[in-house]
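Chain lettering (A, B, C and D) follows the sequence in which the chains are written, and residue indices restart at 1 in each chain.
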Amino acid sequence: MTRKPATREKLEAGLKRRRRKELAFQLVGMLATTVGIVFLGVFFADLLGKGSSAFVQTFVKLDVEFTEDVLAPGGELDLAYADFDGLVRDALREEFPNVSGRSERRDLYRLVSIAAGYQMRDMIIADPGLLGSTETIWVPASSTVDMFVKGNIDPALDEALRPLSDAQLAWISDLQSSGRLETQFNSALFNNGDSREPELAGIRGALMGSFYMLIITVMLAFPVGVAAAIYLEEFAPRSRWSDLIEVNINNLAAVPSIVFGLLGLAVFINWVGIPRSAPLVGGLVLSLLTLPVIIIASRAAIKAVPPSIREAALGLGASEMQVVFHHVMPLALPGMLTGAIIGMSRALGESAPLLMIGMVAFIVDVPGGFSDPATALPVQIYLWADSPERAFAERTSAAIIVLLAFLLLMNLAAVILRKRMERKW
Amino acid sequence: MANRNTAIVVFASAVVATVLSASAIAQAGRDYIYIVGSSTVYPFATVVAERFGRGTEFKTPKVESTGSGGGLKLFCEGVGVDYPDITNASRAIKQSEVDTCASNGVAEIIEVKIGYDGIVIANAIDAEAVSLTLADIFLALAKNVPGGKDGELIENPYMTWADVNAELPEVRIEVLGPPPTSGTRDAFVELAMEGGCKTVPWIKALKESDGDAYKAVCHTIREDGAFVEAGENDNLIVQKLEANPNAFGIFGFSFLDQNTDKVKGTSVEGVAPTFDAIADGDYPVSRPLYFYAKKAHVDVIPGLRGFLREFSSERAWGDEGYLSDRGLIPMPEEERREVATAVRELKPLSAAAH
Amino acid sequence: MQNTTLILILGAMAVAAFFIGRGRAVAVVGGPQHGTDLHSLPGYYGYFTAIWCLLPALAVMAIWAVLEPRVIVALIISGLSEAQRSLSPGELNLLVNNIQNLAAGDVVSGDLDVALSEASSRLSGYVVMSSRLLAVVSLVLAGLGGTIALRRIQPDFRARNRVEKIILVVLIAASSIAVFTTVGIVLSVLFEAIRFFQEVSLTEFLFGLNWSPQTAIRADQVGSSGSFGAVPLFTGTLLITGIAMLVAVPVGLMTAIYLAEYSSNRIRGIAKPLLEILAGIPTVVYGFFAALTVAPWVRRMGESFGFEVASESALAAGLVMGIMIIPLVSSLADDAINAVPSAMRDGALGLGSTRSETMTKVILPAALPGIVGGILLAVSRAIGETMIVVMAAGLAANLTANPFAAVTTVTVQIVTLLVGDQEFDSAKTLAAFALGLMLFVVTLILNVIGLNVVRKYREQYD
Amino acid sequence: MTMARMTDVNVTDDQDLSGDENKVAGSEVPRAAIDLPSLAITEQITELGKTVGEVRCEDPYIVAENVDVYYGDNHAIQDVTLEISKQEVIALIGPSGCGKSTFLRCLNRMNDSIESARVTGNITLGGQDIYGKDLDPVALRARVGMVFQKPNPFPKSIYDNVAYGPRIHGLANDRAELDDIVHSSLERAGLLKEVKDRLEEPGTGLSGGQQQRLCIARTIAVNPEVILMDEPCSALDPIATARIEDLMDELSEDYAIVIVTHSMQQAARVSKRVAYFHLGLLVEVDETDKIFTNPQHKLTEDYITGRIG
């Protein structure tokens, strides 16, 4: 009791300063948390701003006459030599009868994508009866027109500096005023493989490539990872070998992914002899990459199962294997699945190792199997980011949006699973 | 029972996966054309590949962008499905490469010259326009430059463009250019650097007396940071120039053509890099583009003959062809006809040609 | 017969074997009422039979899948004319490819000659024969295996132990894959690295101050000097990693503290998954963002303050990388903070500490080993990060500590050296493997230290 | 007797319950919130409703009036009124989950750190409202120290453990003064003799009983007015427990001590008064002797004789 009055005084004296410090500390914490979230917001806003316009594409309405003179000059339709582009040119001349002169006409033809010719061809293949008839169809405009309509080309710029001539601008506004030019949903983006024509380019090929790789990854990494986790957590004796495995797994989880690419190049391509660019190689590399993630998550899930359950089962005379497969596995499964999903989402976004194994290539055909040449979605992003055509910039962002959408869905699934799993014992 | 089933499913899927991968390896036939090579030719080759794939029953060729040097290296490793059928190059094949090819059994190579490409030096659209001479370029970028007296070489001391030539602006020399694996670098060194190098009389004399020393002087680019090897990602260079108005970039004309509103070409020896100036040969830094095909693969790899024909057709590389839209500068009509005929006949490169 | 069909049939056989085996086990002891006479549950006898039915057949299929193409190609070649057989291996390979394409019904090039179509029909014949043979062999094996297993079923046969033994072997095999992966990584970079060190001395590589790997790729090309001193790469990597850590550690740590100590459950429930998204964004996307948005911004900011900023400054790459690593640091710090028993916190609060005093004076010191371990893991992640630096950092190997200058990193050099020029014999490409080995060793050391620190610390409170 | 007490306690309506809008009267407790063991007992509680015995004391220092605590929807403490004087040891007893620890933690606002916890009612310390807006819980906790169930020395040296409180509160002007505080606190906690040669060794290296005395030393180093003890001996062996109990006896001369305990023997040994909690209700408060010899309430009697618990 001797020191009491002094204590109170001293205590009160320091309080104000301490409260200020407390507040400052809390503010710094709040700020730090906000930094990350604000960055995320800026990032998504930037991305959506850049990429959302790629989900629509400018189309031009043409009255195309499937004349026999153009398509079948010899009297018989030969798909390989029929001049479908000629149909489009005729239709455009029909629309603008006043355009004369070779270079002016060339300018006119450039308003419409070369995809228009392919479209005609597909129509004729689907219905040969069209020959001789006239159809009104929407065909994609060329990427420069598309860029202009989306406001990415400044009409005030000097004519020599912009990709569209004054005459082309006039035609575009004519088409717009007669309702023959409008933007529609860009289905090509989802239906096509890669292309050098931005209006034809799509992410289907890359998505399928990613899909095949993920299938291999799921089928290899998940069962192997779960099996390894069960062994290490439930059966492994404390030995050098299990210590070695343990250290290895933890280390592999943090080995740079590009090193796995070197592994893929040396082992799967140069030694086993699997062709370059095949989803098979990519899938194998990604499996090895995700394996430690799945093992670690699965082990955590197994660890979370309380020992009392094991003891109860063992006490009833179950074998260790029965304990694991009857009690531990079912309880740990949601955790294992969460780990698998997180591993998969990491694999889906991975690109560095794929650079090493020849997946950076121009591949138009949508891959149909595990050994067809393919790219992956992140690699496609890397490639498009490098394309000279302006219209690829927005498509790069659009591809990123699609990729992120998949990743967010996977993360969401993981979060939901984890929520359901968070059972307290 | 449910838990037992999960275990079974887990193991069954592992088994199925193994078998699937195994059977995938078994299917070894290659039914598509495999192209590697120059990143400068890549945009043209991919367009042709795509049109070819869409217009015929064949699969679209697979095109990897590996750089001219890397491409030729892969190309020359041998004959067979594991090796590329075609390599693109932004320079002619060298005798040493022909020899490597031959020693690996790649005997008959079809050379196809497809057109010209100007190598432009460009900076951001709103940066100051400058006009360079070849000598300026050499002095700004060479590792060693002539010193005060004849025969003396000093380490490149020039830090700003004004140090090189008083008429140029006083900004730090910063040039983003391709690495040596790229044909663009080869061509730039040969045409621009050597061109400027030759303007120094004693170096020119050196060419006769000591060819190697001459090359070492003229072809070596400085390594002190003024020349930034920016990889082969030309599009990123354009974007970096846009962000940095003091920097210059070295890349193919097609990239300038696609980005006229972002970057502008620098005049070299008073000639601006335009389509016509390059086609006429007025612009000093332009080089032919090529691709090389293995004769042994023709008629064995599905579609290869057709692809060669497509590439050498008028609708592709003609004056009005779709490649000119992409910035490829066509050869004169006569030369085109000549090359096209040679391609049709699959005339291999004669050893004496180079 | 298609492989998938075969697998389905084998699967069906395995299921049948299971039921037969189980039934037989029950029958052996004279009905279900005598089930207790069996050593194991009847189901285990079923599993035992099924495994014996399936495993040998699948093993044969796997071996078949590896050998079949080779054997068929050899057969095809032996059936070719003398002239064709004397072709060079490459041409022969092309010819076989053409025959395969023809047989597969794909489009072929060139005119169909008789010999070719004859060879292709022979090929188709072989393929059909091979798959029939495989079907017969594997089905017979399946039947045989099942029968043998069935015959062994006796009341005292320890089926459960047998089945469990097999499962255990499978589990051990699965867990060994991690070791083989490490061995594979080491082997795949080691040999090339050793070849590199035969050309360039280890001391020059480790201590040389000049990195300019652009040796001439042909005899008649003048490259650059071709020096392989990796110090500028290490310093460049460290510079970018350092910047990333300067961003990630304070922000990540304070975020973890705020979320653990101050925020309400609701805010934590929202902020944590949001921040985890940052960790899930693919690095190629970060690279795109760093190169096109952050780098120009850094440049503008720097120049408005009068600094000279390279267009691919270390700062831009480092900043973005730091943001990427924030969630990693914050979740590891969160783990470490949560591992400190709440009694510590109560004790400090009970003495009248403010929350910040509790945190800085009691909990953080206690959690420090865990946090340090987490930061080491984050450092190793930053060192190995590739796409961000490939897209946003330069290739200029400057030996500098200036964050506004362009530097290059180990991973950038690996990509540049390997993408674009894949031959395997110049010092230039071999250097990539030497760098890969360095990267592996350095991250290995960091990980081992980091993991040990984390683990040791965990055990303290467990 | 019971009726008289009830009227005595019934002062709620006149009290100034600042910020106390959600107050739920004892009789309106949602049934579902309480897990009652049997209907018979429920009826007894509702019938009696209010605390029996003597909740008031002479010279009260801590006054809790009509305190309710909620954890989310769970009504953990219902309408508890209790006075504690400055120089007494009061023991809070009752079966697990009865709310005695919760009530204890209200007295130095340790419940603040539990997000879902909500405290209503009025608690004053020396006349000052401890839930008042102008009161800093930090200052409060310096005045009302706390010793926890499990010994929880910080992972620091013995010296730093004891010096921690004086340091953060700035109680010592210099090192000598700090040394003085540390020594006298260890001495009062009866630990100085055992540890004076190893003050720089970690506090976590001591035995359980020593650790708990270290925690007590740490608490008294701040020189509090009240010490709250939450089952301080439950993790200790009988010998260590005896030492702590002796210590409490000494300390009770200077400090008010509120102790939560499961051990009725301990309560009988150390306390002057005992408060019996049951299901969030304060059932009975009285002199220790009286409670253990002649409990008024049926529930108290059941507990003491071992029928509940």
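Rule of thumb we're sticking to: contacts are C-beta pairs under 8 Å (C-beta built on N, C-alpha and C of every residue); 3 or more make two chains touch, one makes a residue touch a chain.
Just so it is clear, the structure is predicted and the values come from calculations on it, not from any experiment.
A.B. asks: Please name the chain that ends up farthest from subunit C once chain centres are defined by their CA atoms averaged.
C.D. replies: Relative to subunit C, the chain with the farthest C-alpha centre is D.
A.B. asks: For subunit B and subunit C, let me know how many angstrom lie between their CA-based centres, rounded off.
C.D. replies: Computed from C-alpha means, the inter-chain centre distance equals 33 Å.
A.B. asks: Go ahead and note the Å separation of the Cα centroids belonging to subunit A and subunit D.
C.D. replies: The answer is 59 Å.
A.B. asks: Could you work out how far the Cα centre of subunit B sits from that of subunit D, in whole Å?
C.D. replies: 82
A.B. asks: Between subunit A and subunit C, what is the separation of their C-alpha centroids in Å?
C.D. replies: 19
A.B. asks: Could you list the positions in subunit D whose residues touch two or more of the other chains?
C.D. replies: As it turns out, subunit D has residues touching two or more other chains at 138-139, 142-143, 168-169, 222.
A.B. asks: What are the residues of subunit C that contact at least two other chains?
C.D. replies: In subunit C, residues 170, 354, 357, 391, 419 touch at least two other chains, as defined above.
A.B. asks: Mind pulling the residue numbers of subunit A that touch at least two other chains?
C.D. replies: Touching at least two other chains: 18-19, 223-224, 227, 360, 385.
A.B. asks: For each chain, which other chains does it touch, given as pairs?
C.D. replies: Pairs satisfying the touch definition: A-B, A-C, A-D, B-C, C-D.
A.B. asks: In the complex of these two chains, what residues of subunit B are touching subunit C?
C.D. replies: Residues 11-12, 15-16, 18-19, 22-23, 25-26, 28-31, 57-58, 65-67, 69-70, 73-74, 77-83, 94-97, 105-106, 143, 172, 174, 176, 179-182, 186, 189, 215-216, 219-221, 223, 225, 228-233, 236, 239-244, 247, 296-306.
A.B. asks: Taking the complex as given, what residues does subunit D use to touch subunit A?
C.D. replies: Residues 136, 138-139, 142-143, 168-171, 222-223, 225, 254 of subunit D touch subunit A in their complex.
A.B. asks: Which residues of subunit A touch subunit D in the complex?
C.D. replies: These residues of subunit A touch subunit D: 1, 3-4, 7-8, 10-15, 18-19.
A.B. asks: Using the touch definition from the top, list the residues of subunit A that touch subunit C in their complex.
C.D. replies: 18-19, 21-22, 25-26, 28-33, 35-37, 39-40, 43, 46, 223-225, 227-232, 235-236, 242, 244-245, 247-252, 254-260, 262-263, 265-267, 270, 288, 291-292, 295, 319-321, 345-346, 348-352, 355-356, 360, 378-379, 381-382, 385, 396, 400, 403-404, 407-408, 411, 415
A.B. asks: Quick one: in the complex, what on subunit C touches subunit D?
C.D. replies: 264-265, 341, 343-354, 357, 361-362, 365-366
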